[in-house]
Every structure is written in structure tokens, then in C-alpha cells.
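There are two complexes below, and they share chain A, which is joined by chain B in the first and by chain C in the second.
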Partner chain A sequence: MISQWKKTFIILSLIFCMLLTSCTGARELDTLGIVIAVGIDIENGKIIVTNEVINPASGKESKTASSQDNTLFVQGIGNTVEEAIINTTLTFDRRLYYPHNYLVILGEEFAKAGISEHIDILSRGKEQREQAYMLVAKGTRACDVMGINSGISKSSGRYIYQIIEEDIYNGQTRTITINEFLKYHFKEREEYILGVVRPIEKPQINKNKTEDKIQVICVEGGAVFKEDTLVGYYMGDEMLGFNFLIDDLKMANISFESPKYLQKNHNLISEKGSLSSVEIFRSKTKKSLKVIDGRLHLFIDVEFRGLLAEETQGIDISKPGMIREMEKACGEKVKSHIANVMNKAQKEFGIDTFGIGELVHRKYPKLWKEIKDNWSQVFVDLDYTINVKAHINDTGFTNTPPNIRKDK
Partner chain B sequence: MISKNIEENKDNLKELFNNTSDLILYEFKTLSNHRALIAYINGTIDKVSLNEDVLKPLVEELVSPWDIKSTVYTRINDEIKELKDTIVPINNGLVILFMEGLDFAYTFDLSQWPKRQVEKPTTEMVIRGPKEAFVEDIIVNKTLIRGKIKSNNLIFEDYILGEETNTKVSLVYIKGIVKEGVLEEARYRIEKIKIDAILDNGYIESYIDEKPNRLISTVAFTEKPDIAASKILEGSVGILCDGSPNVLTVPKLFVENLHSAEDYYIRAHYATFLRILRLMAFLASFVIPGVYISLITFHQEMVPTELLISIAGQREGVPLSSPFEALLMILFFELIKESGVRLPEAIGQAVTLVGGLVIGQAAVEAGIVSSTMIIMIASTGMAEFVVPKLRESIPILRLIFLFLGSVSGLYGITSGLVLFTAYLVSMKSFGVPYMWPIAPYDKEGLKDTIGKYSVRKLNYRPEAISNKKRRKRNERID
Partner chain C sequence: MNGEKITTRQMILLLTVFRLSLIVSYMPSLDLPPANQDMWIVIFLSLFYSILMRIPILFLVNKFNNLSIIGYSEKILGKFLGKLVGILYGLYFAIYATFVITIQAQLVAADILPNTPNWLIIGILVVTSLYIGSKGLIVIFRTGELIAPITLVSIIILIVLGVRSVEFSTFLPILADSKFSEINIGAILLSFLITDIFIIAMNAPYLENKKDINKIYVKASIYSILLSVISVMVTQGTLGIEQARHANYPFLIYTRLIKYESILQRIDAIYVITWISTNILRKLIYIYISYMSFKEVFNKEDGQWIHYFIGITIGLIAIQLANTKVIITEDSMLNKFFIISSIIFLTIIPLITLIVYFFRRKTLNREENSKI
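What follows is the complex of A and B.
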């Protein structure tokens, strides 16, 4: 018979055996450098990793304004990304901690040199967070983009992150996380588009400041990769068309020319104003394929809903039939955006950036087997038809724009 | 043996009580010219009643020692044959009358002890419902229960326990509703008690608890007669103890810790909400420090970035490691709690103030602890007060979970919770599974567990506790 104490001892030691096998690596917060943004560059064959590390003192609410910066920039150089990260410990007093990293910025040179050999750590590293956004620094190095903070956020990384988070209102950008990026990376015959970030100089408006210019960050556009190499960019409206095409548009603004013939019926005051804006809040794109006369034919059917946000033409939208005409004109504009980006992909880059190859694979698996090796050539000559169905659901508070005066 | 001689009795009594100064022995002559002796303890009896109802009739009217019964104006309690049998009655405030020529003594119950009035409860306060509480006197307590349940089936069984203290202990139950097995077990455990002193029912609790070393008690207690009555009506056995303003009830279920008497008097939906709140508070009260420590030392990735930056900023410059910081704050909190309870009211205010300042502000400004830690510990403290019935278990559990969290992170917390649940499920109170009706499952019982149905729907008594399942209800058309 085992005594009570012995029994307790045995049970306790069993419990502790079980417990103590778990993660032994307890780390106190004040030994960690919390990284919020990472920039990767290549220079003379060496990888330079720039980390934006939170200065914990900035989180402390103190009455006296601290003169310390909210974030520090820590650079490491090495032959590989991991080596560069580890080398930071030679110069920095904290171990870098990556799970709170939400930006990975690739320098343009780095992107042009091909990224696939260096991105392994993004998926293999235990501490890497897959929700971080992947961005390409357009026309510059990653470390030149980092450190610009012209927003309200406390740090540069947070500033860029917030811009990306808020850009669902625009539609001219590409937000893609590491997770999504990897998904595209391993897809067959589809090239990926990463987000773009670039610095812009702007005149200083605040007259209290001495500098004439300030630098701001712009996230417009998308970086086009072929295989794993940066080949070019989609900018502005091309990106709008791209987002329509891949059915990833959340919100966007479409400015289009109001239909001309409507003007006759009204008293026109200003000749200048001829554009109208529609704010899209919901859109759906369906892509389908058909073989017509032995050739693949792509049908792009877009249907979106929006509200009339601005109208400078002097059209009385309350008149019957007007809204239909406006919808048609808006649809034509969207059509041209999509055609533009299709054109650029086919003529300039010659690569399928829209995942149409996968569509072929799904619908015509046998055909795909034949053409998959020279899919790029097939894609370049692909015929397509775009159908756009626009709905303007809301015309705002006013019926008559200010450039219609009733007495005239 | 009681002698027919008064002098002899007097000497023997003096010897029996070791010449104690508060034993009053008064000798007088009755009308029939017999010598008589009364004995009582000073201060325990009603002297007016003694004079008017016993002494006066004896001195003025008694014609023969054999007429005592028809002469005195008060009820004769007992006739005692042996001198040593007078010890308990005299100590209980009874008056003993010896008569010349009689070889036995009469006892009169004229006891009147100094006692507290029935007052408002001090620990189980309610907004709605009865506001009376038990007092130290067992007779009053019995009356309070009888006042709630006026039934011929309500039975009290008296015991005298404690070799030195001779404390009155009483079992109370309702015949027909109580489970025979539970009652037999309660009787058996009470009779088995061999102890020299019982000053509070805490002594009895540790004797009748199956395993008194357990973290969580399997004996319930209450200071409110309505709660005691409701338990007894559900089939529990109540244990009253003289000198204790609480009544024990057995068996006890875990869910009783989360219940309040008021739950039955207020609307069901609000009672359900409160019970869910109490359950969460119970969990929070011992898990929060451990979870917090494991989050900031093992699983920093799980904390939202902004919060982590804020916590990191506060941790900056704190000399202690997080687990010790938490331990320090927990001890500080326990100190404040304990001093608040023990100190006289006048000083208590000052202690609370100083404690609040020391913990709330100075400690943070001095950089000994971070302010997030104070929030964590303070919230556990608040949560602890929501379930006062478990206040003896929660601080220990909190330390255990703090240890688990700081040694092995959330893995330790999870393992701890699993083990704790297994521990709870394995417990039994007087043969009733402690976690009934959750494990073992009982559908009817669940109507009054965490969720609380309206009283109209509670047509069954808890099956595990009571003998008779269906409550007596008037037929009602739903």
C-alpha cells in the first residue's frame, strides 16, 4: 500500500513531467524588439534587411512629452534574409520579434533580381505572421520608403499599414498578404501582382514648419511579376480595371463623361463640366470561356451597383430614362478600364495576371494539357468580350445640379 | 445519587462544580416547613420568573413535598435521580430544585441567555427577499426555520457534542422529502464526532466533510433562514449548532456556489444572466493572472499589437519578472483584503486608503509594477467577490494557475483547467455527485443550474438530493 504522501508525490511529478515538456522558451517583454515593418533590399549581392522596431517607451503614457522616437530602424546585412536578421543582434540590444510584423516591403532592385529564392523564410519562419502585407517599393529601395511618416499614426510602419487598410475606398491598389501571395506563387501559370508603395514629394502646407517639401507615401498601383521577377507596374485606372477583372473590387470611384445628347434638352450653363462620378459599393465579375471556331473566347461579365456622387453636366437625373443613360455611360467607362488592363497584359507584359489559365484548366482540362506549356502565347492572342451592367441605386439628395438655373 | 439530606446535596454539588463562583445555591424553607435548595448558574436564568413562579408558590403555598408539581407556576422539565445528571441542565441555564426528603430533583427551564436580536444578514445581502439572519442562539434559529416551514414533518434531532463545551447540535430535515441514506449518513457522521470543544459549526463541517483537506468544501452554509429552509425543502439535511449564526446544509452541489437566494425572488431571465455572470467571474477570478502572464511571456503573438506595445511600454524598467510582479500584486491584494476584514472600522478606512494609494499609484510611479498588472489583479479581486461562497478556494487556485501559467504558458493553464474539472467531477458530497446535474446529466435539474427557469416551471426537486421528486403544487392549467 502506497502512503498518501507518496501517492501525491507521484501524481505531482507526473503532472510536472507533462507540463515541463511544453514550450520552455519564456521570454520577458523587455527582452524583445517588436518589429512592425520589414524592408528587404539587395545590394552588391548582399541582402539588407531593414526592421522597424517599436520603442516600448512610446507605449508608456507619461505626462512629459518624450523626445524619443516611437520606432527605431535596425539594419542587418547578410547573404540570406535569415543571416541578415540574425546579424542585427550584433548591433541591436533586443532580439527581433516578428509575429507583430504587418508589412514586408521589397526594394525594386530586390524584386527585379527575383524573389523566390529569398521568400522561403516568410512561410517557414515560426515567428513570421502570414497576415503581413507584401509591397514593392516603386523606383526605390525599401529602406527609403520606411521612415516616412506624414500621417496621424505613431510610426511609419503603422502609417503605411493604415493607408493600405483604408484603401478599400479606392480600388486603385492591391492589398495582398503573405498568405495570399504564397497561394498565388504556387498556382500554375498565373503571375502575381503585389502592392506598390512609393514616396512622393509634396509641398509643405504647414507654414510653421521650416521644410519646403514633405514626403508622403503613395500606395497606388500594382507590381507585376513574371515568374518571380518584377517586370512592370499597373498604375491608376489600370489597377481599377485589374481589380474589376479579378473580382476583388470593394469600393471604387468611376469618373466618366456624361452622355452628350442629353445636354440638348437642358439649359446648359457651363461647357466645361462634362464628367460625372459614380461611387461603386458592390461589384461582381464573372469570367467564362467558350471555344468559338476552335479558338478560346473569354467573356467578362461585370455587374456593379453604385451611387451617383457627383454630376457636373447639368443633367436632371429625375427625368425618366436619364438614369439608364448614365448607367450605360458609366458601364462604358468601366469597360474601357478593363480593356486597357487586358491590353497591357497581352501586349506589354505578355503574361496572364488574371488567373484565366486556371479557368481554362477547370473548364477544358484536356485542352489545358495541350496548351499549358505555351499558355503565354495563347493568352496574348486571346479574344475577349466585356459586358458591363451598371446600376445606379442612389442619386443623392439633389435632383438638379447647381448649374441648372430654373429661370433660364 | 441524590440524597434526601439537603446539606449533603449542597456539599456534593459544590464539589461537583469545583466551588465555581457563579453557581448559586439558595436554601429556603417551604410553607410545609421543609428545607429546599435551588441551584443555577448566575446570569443564565430569568430571575423574575424564578421568584414569581417557583419561589413564591413554594414559600407561600406548598403543603407537602409531593405537591410541588401542582404548586409551581412553571413547567417542570424533568426529574433527576443522579447528581451527575445535573451538570448539563445547570450549565444550560436550568434551575434545579432539591427538596428535603426527596431522593430526586426537579428541573425548571427558566433559562434566559444573553443573546443578539435577529438582525439583517451581514454577508448574504439581498435587495429583494427576507432580510433576517440566524443568530448565535440555537433555539432562536430553530424558531426561524420553523417559522418558514410550519409542518408536522419538519423534524429536529438534538445532539450534545463536545466533551467540555457540551454544545447543542441539531439535525433538521423534512420527513418524506429527505433521502434516508443521506440522513443516516449525517446521523452517523455527527455521532462519530469526538471532540472536546465546538465553538462554531466550522468544527462540525471539518468532521462531516468526507475529505476536509480538499480545496473546495462539500458542505454548504448559510446565514439566511430562507436559504436554509429552501435547502431543507429540497431534501437537504440542515445542521444547527449553538453559538454559530450559520446553518450547515448537506449535501452540497457545485452550482450552489453560483446561486443566490435572490435568484428565486427576481425574474428568471435576470437570474439566468446573473448566474452566467457569476460563472464567468468564478473562472476569471483564478485564471486571469495566469493567462495574462502566459500571454506576455510565452504567447506575445496573441496579444493585439497596440495592446502589446502599451504593455511593453509599461513593462519597460520594471525590475521584477512578470510572474513575480503578479505574485507581489496578488499578495498585496490579499493583504489589503485581510486587513480590511480584521481591522476595527475606524482604522479600516485608513488602511483601504493607504492600500489603494500604495497599489494604485505609488507602485506604478515607482516602477515596481506595471499598471496593466494592477488592472488584471484588481479585476480578479472584483470577480472573487461575486462568488463569496468560494472565497476560501479562489486565492489558492489563483496561485496554482499563476504558477502553471508562468511555467508553461497557456498549455499549463489548459492542463490545469482539465485537471481541475476532473477533480470537481470526481468529488462527492454525502454520496451525491458534486457536479450534478451537469455531470451526471439531468434534464430537470438543469432547469435550475446555470440557467434558471421561472419558479412556476420548477416542478421537480433535485433528483439527486430529495426522496420525493414531484413538488406539491396545485394543479395549474398551462
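What follows is the complex of A and C.
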């Protein structure tokens, strides 16, 4: 038999359990401004935070509401990022809520001014998730790239997010999350790259629209940081070389010219084509170091597999030896991408953005202790050798391109 | 106790999860020397030191397995000194329980209940602990036997889910950046942060099989060290060495990074809930053994009021600490205090007691024989 006291206690406990499910600090959905993209700029010493906030009312309103009406843009200004965020409550009727934010866009001026004193909130805050992507708005402010939606997504934040998520198909870009950024930021003598986002104008094709031009977002390239300051950019082709070098290439397309002598003896319909394309689906890069004649020498060995996606040069790849030649030509092109990015890092930026210092540290820890304080100078003079092995696994459904006639 | 005893398995399970919950909470090991990629070696080495530094207390517990620390202290050191030692141990356990409750309240406030007042969180924790404790030691261990496997499985699942984002090259080069002295100092300091030998020492009289004391301690140490090493390695490998040191709760950040498409993400609350469950047991055991110490010192048969008094006092102090100390684990004075007090209570006092025992061995054996 359960005593009266115990019965009361059990009933009270159950009531408390039900009440405590909405304990203190609970926030109702209609008091939240759910942020899906954040842009941070600096102007006259003040931080400007631009937030793209979901508009929950747009789904209920007229079906003719455009996708732009799905979100609102809320700006706050302050001396710090947190102050700017809090100041949005002076003009906006919701408290901003960040757990669903997956984009942090830094304006170019903000990035050039140095970011480490302003990014504390990204790791200290409980709401902002560490899987959000960090990007730099190339040549413009962060708020200028927000609000552009030229895709199928319902909001511009989602549009940019989806483009970034698709980066696995294109090696000309780089995606870094907040967690990865902090990991590289704290490493000594290794600089990092952030992703890039920029608006570009394109002609309007839809004849039903009145504007001549539309703005689209492009994520090609990478923003190079030294310590916490933006120092420059890698272009699209350089990013291909970069991704090969750090062994982070998932998929890419390499367009290259094959030697002209391969076209000999072909019954060409058109001679205008000059490029072939290989779609890479698997790549592996091994970097090794050796000390040769008292100098460090870096060996970069790349091996990748792909399929021949397009061939416009009029080369009959069904002939023996043609695939080998194509592989060699493709390999040379990749080699040139890697050489270009190494040259740029050494000559223009003078900083190691590839983690080669870490490689020295691992292989030659004693030598690293001697040179680590002078690593930038050592890196600038570092010799390297690139070896590329390309394998074309598949040539698709055709063996001869349409611009030649096959011999009988 | 109705003749019920604590089984070997219950004790091993509890000790394993207690150590693991300490390591994965605020990862004190990350800031110990050499504070680099070799911390996993430090944790492995701390196993050796944690056994070495506890040889005196293990010897005494084995020798006097029918008595608690207070019991054999009184026997060896005499009534007055024995009781003084008992009071000191009682206070030490109470202070440790306060520390554990405060960390728990701060972690809960950090992740799942940021706006809930500390008095409410700590109040609920203390009331729960006192209620379970009031049912007796065997109930505590049975509860632990239920919760410990859930804790272990949860932590293992979290480790497995996040392992794909671990960069194993983070741990290279091995031992190139660490000095031999740094590794050993770090291992010794870590061994002193783990104080769960007292749970065996105070509960030895209630063990089902008293011959298993050494086996319990060694097995629990090995299991917990293995899991601790893996937890620290996956955290450092995912966050990076420096970022892990910057975080207040590194393993929590690690669990926040677990993501499998849209199916599995934002599961950090699982870690917090698992950790809360284990920590409730850890602090209630420390409150209970503090109560047992004072009960034995003051010879109280029915001293439940001592138990409630200790629990309420601990709760009030923990509320004050949680409200005034921003992050208790970052307070270097408190950390120094705990390490020094652990050295004193884990090694120095048992060593002195052991030395006195060896001098008085013949007298004590004669007294034992005359009783028989």
C-alpha cells in the first residue's frame, strides 16, 4: 500500500515533469526571427550586421508573392557584432534567432581590416552552429550579395547555400565551416582560405521580364588570409590547383588542349575545336619532403581518375595510344594549375596556404623547430616537383567525336 | 542494508563512468602539460601513476576491508587522530560534491537551459540526490548499474558518429614536441584529478567480494582510460588542438558538429542528458560518503539528518558558486586547491597511515587476536 504522502509526492512530481517541459527561457516560435544568412561589414569603424530573416507570413499570403517576399533583411549597427545584433531589436519586431543560420558572409573591407577581434561571437555564442559556411564577398560589401536570388530556391540565403553545397561538382571553389575556420585560424604559420561569393551581371534571357540584366551569385575562387587579414584571392583555375594540392578535390572538370599532331590522318569535318574535357571523379595527392643538398624539396604526386566528358578537337580516341596521349595532356594541364597556384602563393602572397609547414613539422620536427619562425621566407624559396598521373577510365557512349568521319 | 551487498560489476561500472564523465565534461587533460597532440599518451601514462599513487590506500583498504577509511584510521592512528582524519575526509568529499554540482549546473545552463536560474537547477539536482541517497547505498549502486551502460553506449555512439570528421594527422608528430618531464608531470596531475578510489575505500565493507578490490580498481581504470583516450583524441582531431583548449566544454562542441544530412544533427542534448544522469550519481555518492564519514566520526546510528544537512549545505554553497563564478573550471585557484587536496587525501594521508600501521602492526595484530 502506498502511503498518502508518497501518492502526493508522485502526483506532484508528474505535474512538475509536465510543467518543466516549457521551463524558464522558453521562446515561442512567433517571437523568433529565424536567421538564415548573416553578412558582416565595417563602415566608419562601425560594424553592420545584415540578417536575412524568414518571413513566416509569406506562405499564408497571396500565391503571387515573389520568392523575395519569403525573407526580410534586417540590419543592425554597433561597435561590436553582438551590439549590432542586439540593436536590431530597436527597429525589428523579433529577437533574432541563429541556430538555423548556415551562412556567414564577410564584406571585403571587413575582411581586409582584420577579423579575429570580431569573430569571437562565432565560437562563444550558443545559438550559432559551427557548421555554418564562411564566405568573403569579393569586391563588395556582404549586404550587397545578400538579396540576390537567381535560382530556384525560395530565398537568397538558401540560393547561396545550395550553390555552396554543390561545390563538390566544381573544384574552382572552397567551402569552409566555422569549425574548420577556427581550426586553421589557431594553427601557427599556416594561413587559410575562405570561400568567395560575388555578384555578377548577366543578360536577361527571359523575355517576359523587363530588366535587361540580372544579377547572379558566383562562388568561384578563394579568399586568402594572412593571420586574420584578407590579402588577396585565388582565381578559379588556381583554386583547382589548390584543391589538388591539399588533396580536397571531390569532382572537377579539366579542359585542355591535346597535341595537334594527334589530329593527323583524321577525316575532319571541322577543324575549329581545340579543347577536350575530362570529368574527374577521384583524385589523390601525396606530398612528401626531402632535404636535397641542404634545401627542402617538395614532391607533389597527383593521381586522378576521370571520364572523357567532351572532345572537340577531332581526335579519334578509338585508335591505339590516343587515350594515353589524352591522359598526358590532361595531366600537363593539371600540373600547370598546381604550378600556378604555388607560384602565386610564393611570389605574390609569400605565405603557405597549403599546410606544407605542417608537413615539415611532421617529417622533420627538429628542422621545424629551427625554421618555424622564418617559415614564410623558407616557403617562398621552396623548390618543388609536380608529378601527375591521369587515368581516363571511360569515354562515354562514343569512340569518335561528331567532327570527324570514321575510316571505313 | 538488509544483507545486500555491492557486486563487483556494479562497482566497476560506476567507477568507469565516473572517470569518463569527468574527462569528457570540461576535459581538464587538455590544459595539462604538454597541452599538445601528445595528450593521449599523457592519459595512458596517467593509468600507471594513478595505480602507483594509490598503492598506500589500496593496501590499507585490502588489509582492513571490513572498515571504511574512518574505521581503519581510528584503529591505526588512534581515536582522536582517526576522528580528525575522518572529519577532514568528510569535508573533502562534501567540497568535491559541491564542485561537481556547480560544474553540472554550469554545463546545463551553457547548453540546454540558459535562462533557468541556478537555484532551480541545483535545487532539483540536490533533491534528487538526497532522495536516492536516503534509500541507501545499495539503491545508489543499483541505479548506477541501470544508468552506467546507457552512458557508456551513448558516449560510444557519439564517438562513432563523429569520427568521420576527425583528422588523424593532427596527432603527428608523436612525442616530437613534448619533453619527457612534461608528459610525466601531465600524467601525474591528471592522476590526481581522478579521485574515485574513495568510493571503493568507503564502501569496501559492503562489497560482495572483498578480495576483488584490486581487480575492481585496475579494471575500472583500464576501461575508463581507454574510452577517455578515444574521447580526447576524437575531440582534438575534430576541433584541432588549440580550438579544443579554447572551448569550455570541448566534447559538447564535438557533439554539436555531428551531422548526417538532415537525418541526424543537433544531438548535443543527448550528451548533456547522459552526462547529467551520470553526474547525479557521482555527486550523490560523494554526498553519501561524506555523510557516512560524519556518521562514523560522531557514532550516529540513525544519522539521516546529517545526510540532509550536508546535501542542503552543499546545494546552497553550489548556488552561490554558480552565481558568482563565471566558469568554475577556469578558476586556477580552485584547480590548484583540488590538485593539492587530492595529493593530500589520496596519497599523503594514506601513506602516513600506512607507515604508522607498519610501526604498530604487532600491537594491532595482538589486539585483533585478543578479540577473537
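Everything below uses one rule, namely that the second predicted complex is superposed on the first by the 370 of 408 C-alpha atoms of A that agree within 3 Å, B and C clash if a C-alpha of one lies under 4 Å from a C-alpha of the other, contacts with A are read in each partner's own complex, and residues count from 1 in each chain.
To be clear about the criterion, a residue touches a chain if its C-beta (ideal position, glycine included) is under 8 Å from a C-beta of that chain, and two chains touch if they have at least 3 such contacts.
Everything quoted here is computed from the prediction, not taken from an experiment.
S.K.: Considering only the touch criterion stated at the top, classify A:Pro365 as touching first (chain B), second (chain C), both, or neither.
M.R.: Touch status of A:Pro365: second partner only.
S.K.: Which partner does A:Ile205 contact after superposing on A: first (chain B), second (chain C), both, neither?
M.R.: In the superposition, A:Ile205 contacts neither chain B nor chain C.
S.K.: Given the touch rule stated above, what does A:His100 touch, chain B (first), chain C (second), both, or neither?
M.R.: The first partner, chain B, only.
S.K.: Of chain B and chain C, which one touches more of chain A's residues?
M.R.: With both complexes superposed on chain A, more residues of chain A are touched by B.
S.K.: Could you tell me if A:Arg129 is touching chain B, chain C, both of them or neither one (first, second, both, neither)?
M.R.: Touch partners of A:Arg129: chain B and chain C.
S.K.: Which holds for A:Phe186: it touches chain B only (first), chain C only (second), both, or neither?
M.R.: Second partner only.
S.K.: Which partner chains sit in contact with A:Ala57 here, chain B, chain C, both or neither? Use first/second/both/neither.
M.R.: In the superposed model, A:Ala57 contacts chain B only, not chain C.
S.K.: Find the residues of chain A that appear in the contact set with chain B and again in the contact set with chain C.
M.R.: 23, 25, 99, 129
S.K.: Would you pull the chain C residues touching chain A in the complex into a rising list?
M.R.: Residue list for chain C touching chain A: 110-111, 113-117, 120, 169, 172-173, 176-177, 238-243, 246-247, 253, 256-257, 259, 265-266.
S.K.: In the complex of these two chains, what residues of chain A are touching chain C?
M.R.: Interface residues on the chain A side: 23-25, 99, 123, 126, 129-131, 179, 182-184, 186-187, 358, 361-363, 365-366.
S.K.: For chain A, which residues are in contact with chain B within the complex?
M.R.: Counting only chain A, the residues touching chain B are 15, 18-20, 22-23, 25-30, 32, 34, 36, 54, 56-61, 97, 99-100, 102, 127, 129.
S.K.: Which part of chain B faces chain A closely enough to touch in the complex?
M.R.: 296-298, 300-301, 305, 308-318, 321-322, 404, 406-409, 411-412, 415, 419
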